[in-house]
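Each of the next two complexes has chain A plus one other chain: chain B in the first, chain C in the second.
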Partner chain A sequence: MLAEVGFATLIMALAAALYAIVASVYGELRHQEGYVLSGRNAALLVTALLTIATGALWLALVQQEYQIKYVWSVSSPAMPDFYRVTALWGSQSGSLLFWSFLMGVFSAGAIVLNWRSHRRLMPYAIAVMMAVIVFFLGIKIFIENPFERWWIMPDLPRDSQVISASIMPAGALTPDALLLAQSAQGLNPLLRHFGMAIHPPMLYLGFVGFLIPFAFAVAALASGDLSTNWIKASRRWALIAWLFLSLGLILGGRWAYDVLGWGGYWGWDPVENAAFLPWLIGTALLHSIMIQEKRGMLKVWNMFLMVGTFSAIIFGTFATRSGLVESVHSFARSGVGFPMFFFWFLMTLISVALILWRRSRGELRDEHAFTSIFSRESLFVLNNFIFVALALVIFWGSFGAPIVSELFLNTDITLGKDYFMQVTPPLFLALYILMGIAPLSAWSATSLVRLGRSLLVPLLLTLASVGLFAVGGMSTPVALVGYGVVLLAGWIAVYETLRGIIARQKSHPETVLHSLAQLYRRNPRRYGGYMIHLGVTIIGIGIIGSTLFQVETQRTLAVGESLALNGYELHFDQFDGQAISEDGRIMDIATMSLWRDGQKLATLRPRRDFFPQTEGMNSMTIAGAHSTLENDFYVLLVGWEALNASSATFKVYINPLVNLIWWGSFILILGTLLAGWPRDILPERVRQSRPVTLPRGTKGALS
Partner chain B sequence: MMRRMVYLLPVLLLLLVWSGAVQAQRVVTDDEVNAIAKTLYCPVCENIPLDACGTAACDDWRYEIRLQLEAGKTEQEIVDDFVRRFGDRVVGTPQDPLLRAVALIVPLVGIVAALGLALYVFTRRTPKVVPAAPAATDKYQSILERDLAG
Partner chain C sequence: MAELTWEKAAPADKKKITPIKPAERMKFIVGGVVMLAAVLYLVFSGMTSGAQYFITVDEMLSGSATYAGQTVRISGAVLGDTIQYQSDKLILDFTIVHIPKETGDLARTLHEATLDPAANRIAIHMENIVKPDLLEHEAQAILTGKLGEDGVFYATELLLKCPSRYGEEAPEQSFSQSQSQPQPAAPAQGG
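Now for the complex of A and B:
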């Protein structure tokens, strides 16, 4: 029943989305309000239908309806209920449905919240949003249907009697429920982790969230309303999407660190990079739209960045879901390969053509020109170029070079960590420098002397910090330079916030915390931005520390033996083999104690989980880790004697400062929330009851 | 002199054989194996470094690295051997000079082109004075709204 409900609602959603496109555009072109309203209502209906379809699949997973092929392939009777819920995004067709559902939710949100304020853009924006949803619905209905059921065809030869189809074929029988339950595959072991409950939804929310600003951008191009309206309509949506994308990337890194068993959090894998590319272009966009808002400049560039961000999202989805990452030739073998490629190509082509058309008509002309290389807009443009350059070199390493070499040089190549560690660090360092300096410069023009004066204190603080590191024993020049550059950006963020607090305190008798809160309340974009920069600085410190100073060793120990590493002593206490968990996994667990300076710090239990019922990748290496702010002592069980387990092989990592990455990420998220929190969330009368008066002398700090 | 040489020759030969045997039986640590495996990618799995890959095939390849190290091969010789057998996809940057050049020069050209474009934007665009229409409109709008509110 749930399969039928789900499939029927998908078809109805497709019809409603198509109608919404036609009615919205026709109504707008013919100035017939009735059609526009009808299109809007149809778009809202799409969201409702997608909610029912997604709910049906979720319910099928929870109720263990194994006659549905998707449920059978991603769950099993032994699986805990928690993973039944997360299994919705455990495989391709379910995750595509979840994608569409989130797109529907975002679209409905944009329609409800922006209908009155951006009425002129809405019909075209609805058409764009629905066009993307139509594509994804088409993929689900015709290629990756999550509601297909298992059927037995008794008339066919024995080895092809079991088939899957959405609608019951003539002469088909339903398979035995018990047999289906016994043979159910269960969720991919790598996805049985708490991080996987949050990481994919966050990433999807980030991807899907960028649909809204993209839709407004295309709507502006189509309607001819090329003022800053589309930016006003989409800035907050872009920030929300960026926030979720950042969260998704961070949680993905944490998941890799916990589950993939190689001691790192970022492997420059094409799938990771596919999610990083839109983040890079989206970050450039978030900076450059400020220039258009403030100075009416970079109109063409912003359009390209917006289209580039969403294009990167669809390309990444195509690349990772089509098999392109494995081989340029395998995407043709995947059902979604060609349609996704065609959609990405067509969507990008139409968007770029619209931009060029409007540009050729002189409708995207800037209102001001660059006047100084040190003006804020010039430095933001430079920051944009570096973000885009980073995106290009990462795209080249992940997709460009492997595709070109396979297609034209008839050979497979992999550009791995070596390549990325050669080309990206200089660009990242340049970004950190600009991240620090750009907020100090003024709009329109800044003299070098003024910029130098603003830089003096943070620069001295940076030099003092680096000097302390050197005196403390750090002798690696690369690390000292890296820390210097990263710390400069952090000190500038801290110093500027302190200046704001001091300026407020001069005229307000209040505590420091209250002053700080007032700064965030009065100018959330500026001070939220500084908090984001501080978070990125802390992440940078963590990345430099854990990359340049990671210590690693692999040793085979007998029970009772120890290994010494950098002042730590790791003692192999016990081995418990073949322990069976509730969900059916078989666990081999080593119990180890970690000592330092004669004191026991922790008991670590690195283990290897084996999932006997799962085909393909069916084991998982779970690290035992002792985490402090100073470092992570991270142990992996990589091998053991099969018969008596009297000895086992361990890979041990000391990852200095790695936890700063997670703490810095937390600050980054907090800063983004502050910067993007709607100020007008309070009712009008509440806001008006507290008149805002700027004290004298605080203009510079609060502007 | 010649007689002394005749006595010394077997001693020297023995020393040579002994040192060769010692070198051939050199104990290779897991860390030495992993240091090389880290620079290689699993030839069958996608984008997984050989030191981190958990498949049985990768265990065998790591064992091969150990044997080659024990046989006295250098890191470069071992890497070259893997590239010869499995192609340039087993290394993070290709060993083949043409492929290496293509892989590394293209992004550099991209960066230089982007910087050139940035310079062009800054230097070739003549500053133009545009009437501050939006500002005037904003100002007008704020006055209007104030009047309406008042």
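Now for the complex of A and C:
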């Protein structure tokens, strides 16, 4: 029943989406309001239908309808309910459905929230959103159908009796429910982790969220409204998408750190890189649209960045889901490869052609020219250059070089971690320098004297901090330079915020905290931006520390023995073999106590989980870690004697400052929320207490 | 009600744009060229140290002269019986077998590769490694390392792809029994 509902709604959604494209574009071209409205309503209907289809699959997972092949392959009777819910994105076809559902939700959100304010862009924007949804629906209906069911064909030879089909074939029998349940696969153990439960949805929200700004950009090109309207309509959507994408990347790192058991969080794996590329281009975009808003410059460039961001997202989806690259994260090699590549190519081609067409008609001309190399706009361009350069070198390392060598050199050349570790750090450091300096510079032209004056205090603070590090015993020059560059950006963000507070204090009788709150309220983009920069600084310090100063060792210990590492003492207290957890996994747990200077810090329980019901890939190494701001003491249980477990082997990592990455991420999230928080959602009380004078050209959203 | 305006947006003001001074323009051009050169230099230096051939077992054995002493990546199917792990020393040994041209069904390709007695094999030796959870019979192993003079591949990095995650074909026969006739007993062996 659920399978029929799901499949039928998918087909209806496809029809409605196609109709929405035709009606919107026709209505817009013929100036027929009725068709435009009809197209809009059809687009909203698509979201409703996608919600039903996704709900049907979700319900099927929760109700354990194992006749549905997808349910059968990602869940099993022994699994906890929480993972039944997250199994929706546990494999290819389900995650594609979830992805389209999120696209539908974002599209509906944009249609409802931007309908009045950006009426001229809407018909084309709807057409673009629906076109992308049509593609993903087509893939699901024709290639990766999540609603396929198992059938038994008694007339076929024995070993090919079982087939999967969406619609019951003639003469087919339903498989026995009990046998289905017994043979069900269960979710991949590696995915049974809280980080993995929320990492994919965050990443998908990030990817899908960029559909909205992309749709507005293409709508601007198609409709000819090439003012900053598309940027106004999409800035906040882009920020939301960027936030989710950042969260997705961070959670992915956290998951790798907790579950993959190699003591690291980023492996320069092609799939990780594929998700990082849109982040890099999208971050460049968020910066450079400011220049267009303020100065009317970089119009063509911004269009290219927008198209580039979405193009990178679709490319990443294609690369991850088609088996193009070898990676731990990739999905099955499947039939979606060619259609996805074709869609990516066509979408990028059309968008670029539209940009070039508008440009050739002189409709994307800048309103100002660059005047000085030391102006804020030039520094932003430089920042953009480095972001894009990073995206390109990472693309080249992950996809370009392997593909070019295979096509033209008839060999297969891949670029390993060494390549990325050599090429990217200088570029990241350059970005940190710009992150500090660019906000201090003025539009149009900055005198070096002025720039120097505002740099003085942060520079002194940075030198003092680096000096403290050096006195504290750190003597690696590379690290000191790295910390210095990163810290400078952070100190500038802090100092500028402090200056804002002091300026307010001079003219307003209020507490410091109140002044700070007023800064965020009055100029959320500026001060939210500083908070994001501070978060990125803290993340940078964590990355430098954990990359350059990781310590590792391994040792075989008998129960009662200890190992010493960097002033720590790790004592092996006890071993518990074969403990069975409620979801059926069998755990071997080592209990260890961690000591330093004669004081017990923590009890660590590194363990190995074994999933007896799962075919293949059935064990999982879970680290025991003691986390402080200073470092993580991270222990893996590697092996033990099977019979009496009197001794076991451990691998130990000390990852300095690694927790700053997670803490910096919180600050980054907070800053993004501040920078993007819509003013008109502020409580009534707050709005009344402050007379709002909207700048000319801002949409009057306070009605 | 939303108001409709069908006419095109007013054309952007055709006010004079202050053109950039030639001296400043020169600075932009020089700066751009310098940065581009710096990035290209980074990429080329990175490629000389990071580039690795990605080859099959057959290619490794037939071209061992070319690849000797070089860090390469090699792909093969894991033979489960050969996996030996000394957990106290963290030393891992196993053998991989050549994977013929990949078809759409990775699980089947790997399965058939491990059954082919004539296929080329290569022994793998790894030190200081935690035995990966995914290492098992018929997994696809992608290794980074160097071929030693003894014909053993000394790997430093191991990436595994596990077919059970991909092929869902094998276990499905388990529920087809109920509707069909009972399985005939296996013919008696020997005689």
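In the analysis below, the second predicted complex is superposed on the first by the 673 of 703 C-alpha atoms of A that agree within 3 Å, B and C clash if a C-alpha of one lies under 4 Å from a C-alpha of the other, contacts with A are read in each partner's own complex, and residues count from 1 in each chain.
Here, contacts are C-beta pairs under 8 Å (C-beta built on N, C-alpha and C of every residue); 3 or more make two chains touch, one makes a residue touch a chain.
Please read all numbers here as calculations on a predicted model, not as lab measurements.
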{"item": "Chain C versus chain B on the shared chain A, clash or fit after superposition", "value": "clash"}
{"item": "Partner chain(s) touched by A:Ser627 [first = chain B, second = chain C, both, neither]", "value": "neither"}
{"item": "Partner chain in contact with A:Gly416 - chain B first, chain C second, else both or neither", "value": "both"}
{"item": "Touched partner set for A:Trp115, first chain B, second chain C, both or neither", "value": "second"}
{"item": "Chain B versus chain C as contact partner of A:Leu179, first or second or both or neither", "value": "second"}
{"item": "Chain B versus chain C, judged by how many residues of chain A each one touches", "value": "C"}
{"item": "First, second, both or neither for A:Pro270, with chain B first and chain C second", "value": "first"}
{"item": "Contacts of A:Thr591 with chain B and chain C, given as first, second, both or neither", "value": "neither"}
{"item": "First, second, both or neither for A:Ser562, with chain B first and chain C second", "value": "neither"}
{"item": "Chain B versus chain C as contact partner of A:Asp159, first or second or both or neither", "value": "second"}
{"item": "Partner chain in contact with A:Asn41 - chain B first, chain C second, else both or neither", "value": "neither"}
{"item": "Contact residues of chain A, present in both the chain B and the chain C interface", "value": "261-262, 296, 326, 367-371, 373, 378, 382, 385, 389, 393, 396-397, 401, 411-419, 422-423, 427, 554, 556, 619, 621, 638-639, 649, 651"}
{"item": "Complex interface listing, chain A residues touching chain C", "value": "31, 33, 69, 73, 115-116, 119-120, 150, 152, 154, 158-159, 161-162, 173, 175-176, 179-180, 182-183, 185, 188-190, 224-227, 229, 261-262, 296, 323, 326-328, 332-333, 335, 365-373, 378, 382, 385, 389, 393, 396-397, 401-402, 411-420, 422-423, 426-427, 554, 556, 614-621, 636, 638-640, 647, 649, 651"}
{"item": "Residue ranges of chain C in contact with chain A within the complex", "value": "2-6, 8-9, 12-13, 15, 17-21, 24, 27-28, 31-32, 35, 39, 42-43, 45-47, 49-55, 71, 73, 75, 85, 87-88, 90, 102, 104, 106, 128, 130-131, 133-134, 136, 139, 142, 144, 157, 159-166, 168, 170-180"}
{"item": "For the chain B and chain A complex, residues of the former touching the latter", "value": "29-31, 34, 39, 41, 46-47, 49, 51-52, 54, 59, 87-94, 96, 98-99, 102-104, 106-108, 110-111, 114-115, 117-118, 121-122, 125-128, 130, 133-134"}
{"item": "In the complex, chain A residues that touch chain B", "value": "260-263, 267, 269-270, 296, 325-326, 367-371, 373, 378, 381-382, 385, 388-389, 392-393, 396-397, 400-401, 404-405, 409, 411-419, 422-423, 427, 552-556, 619, 621, 638-639, 649, 651"}
